[in-house]
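Take a look at these structures.
Both of the next two complexes hold chain A, though its partner changes from chain B to chain C.
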Partner chain A sequence: MRNPWAQTGNYKTSYRQDTAIFATYLEMLSLWALIAVLLALPFFLSRPQMFVLDLILVYALAVLGLNITTGYAGLINIGQAAFVGVGAYTAALLAPSLPFWLTVPIGGLAAAVAGGIVGIPSLRIKHLYLAIATLAFQIIFEWTVGHSTLLKQGGAISMPRVEFLGYRVGYKNHYYFWYFVILFVVVVLAFAFRNLLRTRFGRALVAVRDNDRAADAMGMHPGLTKIFAFALGGFFAGIAGGLYAYLSRAVVIEDYMLPVSIKFLAMAIVGGLGSLVGSFLGPAFLVLLDLNMEDLANWLKSLGLSYAGVDIASAMRPLTFGLVIVLFLIFEPRGLANWWRLVRNFFRNWPFKY
Partner chain B sequence: MSYLLQLLVSGLVVGSIYALAALGFVLIYKASRVINFAHGQFIAVGAFTVYALVVYLKLNVWLAFAAAILFTALVAYLVEKLFLKPLVGQPIISVIMVTIGLASLLDGLIHLTPFGGGNFSLPRFLPEGGVSFLGVSVSYPQLLAVVLTALFLAGFGWFFQRSTLGAAMRAVADDQMAAMSLGVSVEHVFALAWAAAGITAAAAGFIVGTVSGINLESLVAIGLKVFPAVILGGLDSIPGAVVGGIVIGVLENLATGYLDPLVPGGGTADVFPFVVLLLVLWFKPHGLFGTEEIERV
Partner chain C sequence: MRKLAVMVFLLLGFGFAQKVHLMWSGAITGPTSDAGKYYAQGVEDYCKYANEEGKTGGLTIVCETRDDQYNNANTQRNFEEALERGDPAFLGYSTGGTLQLKPLIQEVGMTYIPASYHIGNIDPPDNDYLFLPIVSYSEQVIALLEYIAKEKPGAKVALAVHPSPFGRAPVPDAKKAAKELGIEIVEVQEMAKGLDYTATLKRFANKGVEYIVYQNVAGPVATMIKDAKRLGLKIKHAAAHYAGGPDLLRLAGDAAEGVIWVTSYFMPYEDAAGAAFVKKLGERYKRPADTIESVHYPSGMLAAAIAIEAIKRAHEAGKPVTGDAGREAVYAEMLKLSFDPGLAVGPVTYTKEDHVGVDHMRVLRAEGGKFVPITEPFQSKLFRKVHYGK
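And then the complex of A and B:
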């Protein structure tokens, strides 16, 4: 590497250099700058804005997990919301007796176990069937929660306010406190996600996705690898679930039903499957779209487009949602992450093009 | 005993709805290896078209049914041409995701009509009462459901075995490359498979409308119940879809009859098919009639 600050060409001469996370110091610096900006953001944002930011980051965690199962390992998961729900309900059950820094990881582990169980059919069958197995899990989860008195049959279970280092988190600083907790978890898990492909377990996921017979011949166990993918994706989802439970201060089944699973899949697709940056861009895009949907519906109403018996607002949501998924798949299957990549590559050599 | 028989009969009725829905689902899967998550929405399009034509335009029920079949087939055909065709050759995830997106899109479009929320029921066009034998009473709508399903299945059976187009569709399902080299237009067959699925979906929607009321949510739920049926029967088997649909319908009713009293809150019919699905996936993943994929390097 001639110039450690800018990459004017490909000077990689060893495998080590090729797998390095940061090719130049500039990239490392920009990441630190990003983290610094994220740490400073709470000082400039109001409470509602903080809530949106928290929401995006929590969704990003769930989408990161989905990007492991669906993006890396190529297993379609239509039950991610149920895994998030497993984490949330575990945290809700343990919250009265344990501190949050224990309940959230335990929720993650519970969701990982659930993921492993859902993945069991992958010992014998392949992707299409697995997608249906995750759908079955989603529906069984919803039904079980709806019928268990322990979980209030899907009604709201309220989460207690937490104490941290002897300091009680109240109404005013709720979203700010959880922002820093979530940000910490996001940084740790995003780092793990980025590093996964540098480990043999992570590369096994991609190998099994691309050609499971070849992977089998090279000594990987396709079935166990898929179960591992489900468990890992479930772990991320469970962590997201625990954090979401504390953030929204209540656990309700509506937050963990099939439409939410589809929302996560849409976020992953819009962001770009298997991409770290996409895992943040996708949730951000769809959460902001969702927020603007109400304004759009009101605007359409003011144009006189609404008529009796029709609720435009409830129509616009699935409509735009489906449209976004379909259009992205047809015109930009690699998602927003691809745009990010194009922009970055332009500036990588800029202003020296050759 | 007559309780059991009654459950079996009503299970058969529900099962024939599932069988029709599953038939369309399997047609698409066999032809193009696409898993269609928007099937429930197709059923809803069919059911609401019949309702709109009968109630708003005062059309004869059978005429409305024929029109709904044509309309749903057209919708499915256009969906294939507009959204699925650009994705030929893309990874399977994209293709499945696009049907999920379509499900959401169609949901939104239905919400733009007055049918988004609430219950609707077709005006009664069959005589009251029904026939009874062995102490089991079967109402005329139920009888119609079973007869109509049998007619449709026979019709499709004839179509696939005897007609040129049906043979072409079977050829594409068997081996796309070989079919193409013998002059079958694979593109055409894909779109036709979707249209055929639209026809069965409209029929399923109409039957739901005659047997019970229609609302968007329960019609979409039928689109999900198709999955247990096709997995039980085998994803790529047409007889399997029919048998699977009927078995799931019967099991669902047996669950309502015998399991509901044991479970607080009841409603086991909603979840029991999916438990069956998971068990089938664990122990006999290719279902009753599906072809087992044997891989050799």
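And then the complex of A and C:
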């Protein structure tokens, strides 16, 4: 190719090109530009804004995990918050004696083990029945934490302040420090997620999702593949949990309960199931939507348009959340990732139409 | 002309009065919003009243009620915003949100007044800046056990608690107190959102349970009380603050007759100055009847009143009331705060060792669709002994 930077269209001449992480040089450049922007963001954002950004990235990690289990492998998981919780509680228990760069990965491994165990029913059951099995795990997790004195019966387990390479993290730099840690983890795991489909393990996930008997006939092991999907999805969730524990300074059961699992599922659907970009767009969209609805609700409230005691303004937030999910399911089941795909294709093919 | 000049002066004064922000973050929507929405209205109305009636020491207190939807991450974000803005104190809400924020609260030294009366909020570690407006859930439950021990010595009691830190908090203290009182706790049952409690109640009856003490929210309590009535059981019901009140009467109807309830607040229909004040404020700000009748409305008022009083005193002492210095000044005032806003059955008093505002409560009984006080305001005799070993 004479000038790879001027590449346009979708012209591939080898399998290697077909499986390349970046289809064009421009794509690679845009990713580096995005990372540069993300690295620069802390210089422009206040502490509360940084917290929101941190939160979006942590949610994105949990949704990436869900997109492996549900998006790639097609195994509906209604217990993702419990996997996040396993990571968080593991990190919280180890935090007094180990540094965060060990507690967080160990939390991920613990959640992966939990995922492998929860995945066992998937050897025999699927679809709605499997979803109920994951729901059972969510309930068992909540019950276990609620009755364990070691885990303070769901009350708060405080996380210590961390020190890294002599840099002491206090409340003023807390969200900034964790932003860079989370960003590093997100970049590494996002690359891992992107690479997964280039491996035989990743392709086996999709094959088993589409037709497990056919996959079996082709030499794949559907059972092990499903357990692998749960374990890997759990690992991502566990890492998210460990990071969230440090970010929120304490682990409390309410952050890992069923409504949070539903929220993760909603984020995955709105973002686009099985999509890397969707794993970021979904959490960002729902978190920012909620914030903007809060502002709008407060503004409407200040106008005094509603009758005293009837807080229509506040009800807008949960209503909007529900409405957005329903509208996406009806009109754009492929989620925001599809809009992203359309925009990207437009620029990739430009100046041609297709 | 003179009047006009005075008015202009006052208006100018109001316009130039130093503004101090005070944020409340709680559930106006989502779980427990049946309490949170009234609590928020109480905060808003007391704040308006304090500004309008000059009870702020010349400051303009800008109260902001934020709906965190019972989501701890939202609470944390709101707290950070308040901190960033330089608010001198913060009004919180849920048990989980408060417990989660404790390390941060301790680190930044922000006075924090939650709607959760969980004893863990003011127990070590990281408890210096947390202040309960009224007695803790643990003390409420022990007070109920003390009342039961007097009414029926040696009674058999079951605890029906919410399956959360909020519900479980009083259980260890209650067990110790029961031993001291010579009554028997035969079972601790966790319950929430159940549609039918027949099996639980039958089991209680088989075990000879005479009283059920609830540390819960009104919804499940109403279901259990109605089921007990349907089954014709003679079990008596006793509810801690959030488990009872007018919400329970509304949900349980006739079945609530005879239920005893412990709280530090007045009922709006009582012949008491505090009750009249709450009613007056509700009418002044055009709140509907359900708001005025809710016990969560004066609860929100009390929390706001405590914070505003501490801010006012710090300002009157010539100290800054915003930023780092403001937080310090308001905290210093909280440690010696002693006043009676008239919103509860006793005065608000705090010291370095005592982080419970109103130390008194009363037992009320549901009679004819109303909760009627059946005791004078009192303090639990056993709580300090079983909890602190004093």
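Criterion: the second predicted complex is superposed on the first by the 318 of 354 C-alpha atoms of A that agree within 3 Å, B and C clash if a C-alpha of one lies under 4 Å from a C-alpha of the other, contacts with A are read in each partner's own complex, and residues count from 1 in each chain.
Just so it is clear, a residue touches a chain if its C-beta (ideal position, glycine included) is under 8 Å from a C-beta of that chain, and two chains touch if they have at least 3 such contacts.
Treat the numbers as computed from the prediction; the structure is a model and nothing was measured.
Q: Which partner chains sit in contact with A:Gly234 here, chain B, chain C, both or neither? Use first/second/both/neither.
A: neither
Q: Touching A:Asp255 in the superposition: chain B (first), chain C (second), both, neither?
A: A:Asp255 contacts chain C only, not chain B.
Q: Quick one: classify A:Thr70 as touching chain B (first), chain C (second), both or neither.
A: A:Thr70 contacts chain B only, not chain C.
Q: Once chain A of both complexes is superposed, is A:Leu135 in touch with chain B (first), chain C (second), both, or neither?
A: first
Q: Is A:Gly202 in contact with chain B, with chain C, with both, or with neither (first, second, both, neither)?
A: It touches nothing on chain B or chain C.
Q: Could you tell me if A:Leu329 is touching chain B, chain C, both of them or neither one (first, second, both, neither)?
A: First partner only.
Q: Which partner reaches more residues of chain A, chain B or chain C?
A: Of chain B and chain C, B contacts more residues of chain A.
Q: Looking at A:Gly146 after the superposition, I want to know if it touches chain B, chain C, both of them or none. Which is it: first, second, both, neither?
A: Touch status of A:Gly146: both partners.
Q: Could you say whether A:Arg317 touches chain B, chain C, both of them, or neither, answering first, second, both or neither?
A: Both partners.
Q: Is A:Gly278 contacted by the first partner chain B, the second partner chain C, both or neither?
A: neither
Q: Per the definitions at the top, what is the overlap between the chain A residues touching chain B and those touching chain C?
A: Residues 146, 153, 308-309, 311, 314-315, 317-318 of chain A touch both chain B and chain C.
Q: Over in the complex, which chain C residues touch chain A? Could you list them?
A: Per the stated touch rule, the residues are 28-30, 37, 41, 66-67, 69-70, 72-73, 76-77, 80-81, 83-84, 94, 96-97, 99-104, 107-108, 120, 125-126, 163-165, 168-169, 190, 285-288, 290-291.
Q: Per the contact definition, I'd like the list of chain B residues that touch chain A in the complex.
A: Residue list for chain B touching chain A: 35, 83, 86-87, 90-94, 96-98, 100-109, 111-114, 116-117, 224, 227-228, 231, 235, 263-265, 267, 270-271, 274-275, 277-278, 281-282, 285-286, 293, 295, 297.
Q: Please name which positions on chain A make contact with chain B in the complex.
A: Checking each residue of chain A against chain B gives 70, 74, 76, 78, 120-121, 124-129, 131-133, 135-137, 139-140, 143-144, 146-147, 149, 153, 213, 217, 262, 265-266, 269, 273, 308-312, 314-326, 329-330, 333.
Q: Which stretch or stretches of chain A touch chain C in the complex?
A: Checking each residue of chain A against chain C gives 46-48, 51-52, 55, 146, 152-156, 158-159, 170-171, 175, 248-250, 252-255, 294, 297, 308-309, 311, 314-315, 317-318.
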